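Chain IDs A, B, C and D follow the sequence of writing; residue 1 opens each chain.
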Amino acid sequence: MARSRLEGADEPWKTSLTHIERNRVTVRGYPLDEMMGRVHFGEAIYLILTGELPTPSIGLLVDAMLVSFIDHGATPPSTIAARNAATTGASLRGSIATGVLAFGKYYGGDIPACRRLLDDGLALVRAGQSMVDAAAELVTGLASHGDQPTPGFGHRYHTTDPRATRLLQLAHELEVDHQYTQLLRALEGALSRHEAFRDRHLPVNIDGAICAVCGDIGLSPQVADALIIVSRVPGLAAHILEEQQRESPMRVINPAAHEYDGPSERRLPDRRK
Amino acid sequence: MARSRLEGADEPWKTSLTHIERNRVTVRGYPLDEMMGRVHFGEAIYLILTGELPTPSIGLLVDAMLVSFIDHGATPPSTIAARNAATTGASLRGSIATGVLAFGKYYGGDIPACRRLLDDGLALVRAGQSMVDAAAELVTGLASHGDQPTPGFGHRYHTTDPRATRLLQLAHELEVDHQYTQLLRALEGALSRHEAFRDRHLPVNIDGAICAVCGDIGLSPQVADALIIVSRVPGLAAHILEEQQRESPMRVINPAAHEYDGPSERRLPDRRK
Amino acid sequence: MARSRLEGADEPWKTSLTHIERNRVTVRGYPLDEMMGRVHFGEAIYLILTGELPTPSIGLLVDAMLVSFIDHGATPPSTIAARNAATTGASLRGSIATGVLAFGKYYGGDIPACRRLLDDGLALVRAGQSMVDAAAELVTGLASHGDQPTPGFGHRYHTTDPRATRLLQLAHELEVDHQYTQLLRALEGALSRHEAFRDRHLPVNIDGAICAVCGDIGLSPQVADALIIVSRVPGLAAHILEEQQRESPMRVINPAAHEYDGPSERRLPDRRK
Amino acid sequence: MARSRLEGADEPWKTSLTHIERNRVTVRGYPLDEMMGRVHFGEAIYLILTGELPTPSIGLLVDAMLVSFIDHGATPPSTIAARNAATTGASLRGSIATGVLAFGKYYGGDIPACRRLLDDGLALVRAGQSMVDAAAELVTGLASHGDQPTPGFGHRYHTTDPRATRLLQLAHELEVDHQYTQLLRALEGALSRHEAFRDRHLPVNIDGAICAVCGDIGLSPQVADALIIVSRVPGLAAHILEEQQRESPMRVINPAAHEYDGPSERRLPDRRK
């Protein structure tokens, strides 16, 4: 019988997230039981990802971003992948993992590419250019790459993405629309004026808005990416539960053949306004 | 070239979750852009999973449950699996899926079993027994199965689970501690008195508390299970980001060799109390 | 800084699969470099799962089972889930994992249920009944459960499953068609005669044939289940690579709308006959 | 009730892999039932991934590569991730997916990087350089990047990787050791002579050998990557089944604390030589 001792296996490693002692759990230093009932889930998400509780304004924006991405109907490949797992009788947990895996670089992946674009532009601004000139230079660069995507702009369904509009409006109201959101708007304008993009109609989309707002409130692209996944898991879970409850096993799922039969459009209760 | 036409593939199927029209997205009937800034993420989670917005009390409890389970340190197998994926250079998304998959029936799986136990007991209560008698009968049943687990009670580390204590306290303050939580407390008492369990010290754990509170606020076991997974995804993401930022690739991860080096215990800012 | 030492973390645990020493790797005792070029992959799969190399007959049957399940076209939910991951730009590895997750209890899950059915019948045989009488009793039992499935029998497309026919023929030629396959055939006959199933046309399917052959060659249901997953991974990989090479990103995948444009039917090269 | 019709959803799409008709299944044109018993699993894997059956020599090499990577003991992060899923009670299928997900760019990911290195070198050769000069130029390039990895060379445990030695020997015996393997050997020599690498001892590893042999037999890097994953799934399955059978649930898994207790080293049966 041979014992294998791997180098490094016994060396202590460090974590700064959560401390577990007998009958005591702290997250980033705050007792978890004290947080319960006093800290919203969105604030706790910000805390565990960044190390500090958000200010009220930032907490509101983080919540708004998480809400904005909670679901986008029955057609995204991620949702369809999760429903295909569910129709085979896979568990809720396995089906959620399936949906998370179908977030590839083309889905929800605009955020890192958009961030690089904005960072390139802000480097030009720091070097002395105006926002408008920097945006024009970036758009000329995009155009020179021919059939390139425009990360953060354009949408398969929407000509104006209502989630993006609302998020940028909130950032403005809360006075956190700094350089990233300013450059995002400048880029939207430059795209609408450049002959290579003028006809494609490329409004800011929710990925672009989240990217810029995350930039302005100091979140890294990695944390922004984490927020995207965290925000969609409830939507995936809801689709999986609906698949389990309403549909028969092993069905052939044509994404285009679905119909919506939920509640008609309604207003939020007054107390929330 | 042969075309395959599968039966049923063209039949419309239904979804009641989210309605997408050009420039308009509604979740359970509410415009998503109207929800942003007015509805907390925890409330939106409840909405998409159940179909309605929560009352303020239920919203607070759902948030408390989501916060309570956001992380439990570096040792759970789920967290270790996610870190093992991350150390190989897998993506954040792939590593999150890895962590979700390591939520098997023995981890976070107490909730359905606990719910069945409580439902069995409440059937006895509806048939005329007192809570105390029903609890005693359930405990006698558990004892007769020898080395059986006691779903919802006991913990590897904690002799009193601070998260369970706090959640049941909140449910009491908000006056939603109805039959499920009453029976849970009766069971805790019966376990402490029965000779088969007396020495094992089996306090209510967070799974048991979540199970009972979900029962009392009318959530199905499936929705309770979804809440568990949703709540832990931010914690998994935080561990993965920490692994990527602090550790070297392809390391051998001994779960027991970690040390906490985050902030010392601290109090929440006053405005939250 | 606090060090957490978990109970049991330092206790040695055992593995009997693969032994790694410097410049030497043995699998179940055989040097891996000696196996290369002398042991087929199918034999190595049997070796690592069971602990011994197969006899030539059993090796041939294991290979036949692995080949039989390598792919079943573009419509299974598992394949569609993997293609949905691929269309979002997920990696080959992530997309394969997605496909594996969409093997739920309704897909490839007949094998354990079929094994239980056959084990129930063989208990009757050991108690003195004939195969025919045992099969009739099992079928009466299935009929009494109303709309129950018949694990191991029936297929969505095929009225005779050519893979099952061939596998049972091979088992017969190699003289390993013992009690499990005999009872499987007896069950097929009893289903065709019972009024509750007569009109449903329920031939042995590939799951049933694999289940019975695995039983007769002494493989546990767990190993049979592992063979099913192992066998399909190459097919999933091929679909993912085809999706990446032939299709555009973020497409809407209607499983029913595919057409086959590969080679026409052809015969194997002569040397293989 | 609104019907959503997505563009493109009804357009036919093509697949050239497997054709399903009633009672007939062909893979790349060959009837699956005719393949059973006549085509080894390794050959079928090559067929479905490339479109044609391998020649006998190539079939033997593909089998050797698949066998070489079937397992590498209990310490790889992928294996540990799969065991962590299994210890929580996750299913065999979910645990296999977990293991596949922990194949990130640092694990099994050397093959694409090694292929790029070899392709760069072969471009130099086509431009007129000798193999030795091209190898020296590549190594100088690697050295100039400081602490860069050397994809295809070096191993955590082995000073000579017995699997690489054997695979290259087989390629030589079968006369398929063309430009890729020649350059690989030239690189090994150049690394041993360059002052920046001389002391690190960087022999060809199994990733490098698989990469070069795949290059010489005309397999794309994508197919080589698929072979790597396919080959390891049986090993993952064996570890998961062993975890389920030998260990207790929810254990803390220290990768370094394992001991091998399987068969002692033994020789293959004579008929195989």
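Simple rule for what comes next: a residue touches a chain if its C-beta (ideal position, glycine included) is under 8 Å from a C-beta of that chain, and two chains touch if they have at least 3 such contacts.
The shown structure was predicted, so the numbers you read here are calculated from the model rather than taken from an experiment.
The pair with more inter-chain C-beta contacts, choosing from A-D and B-D, is B-D. Chain D has its Cα centroid 39 Å from the Cα centroid of chain B. If you average the CA atoms of chain A and of chain D, the two centres end up 34 Å from each other. Residue positions 2-4, 6, 9-10, 12, 19-20, 73, 75, 90-91, 93-94, 97-98, 101, 103, 252-261 of chain D each touch two or more of the other chains.
Taken as a graph of touching chains, this assembly is fully connected, with contact between every pair of chains. The touching residues of chain B, counted against chain A in their complex, run 6-20, 22-42, 44-45, 48-49, 51, 53, 60, 63-64, 66-68, 70-75, 92-94, 96-98, 100-101, 103, 157-163, 165-167, 170, 222-223, 225-226, 229-231, 233-235, 237-239, 241-242, 244, 246-247, 251-254, 257-269, 272-273.
Remark: chain B residues 2-4, 12, 19-21, 75, 77-78, 80-81, 84-91, 94-95, 97-98, 101-107, 109, 156, 249-250, 252-257 touch chain D in the complex.
Listed in rising order, the residues of chain C touching chain B in the complex are 1-6, 9-10, 73, 75, 90-91, 93-94, 97, 101, 254-261.
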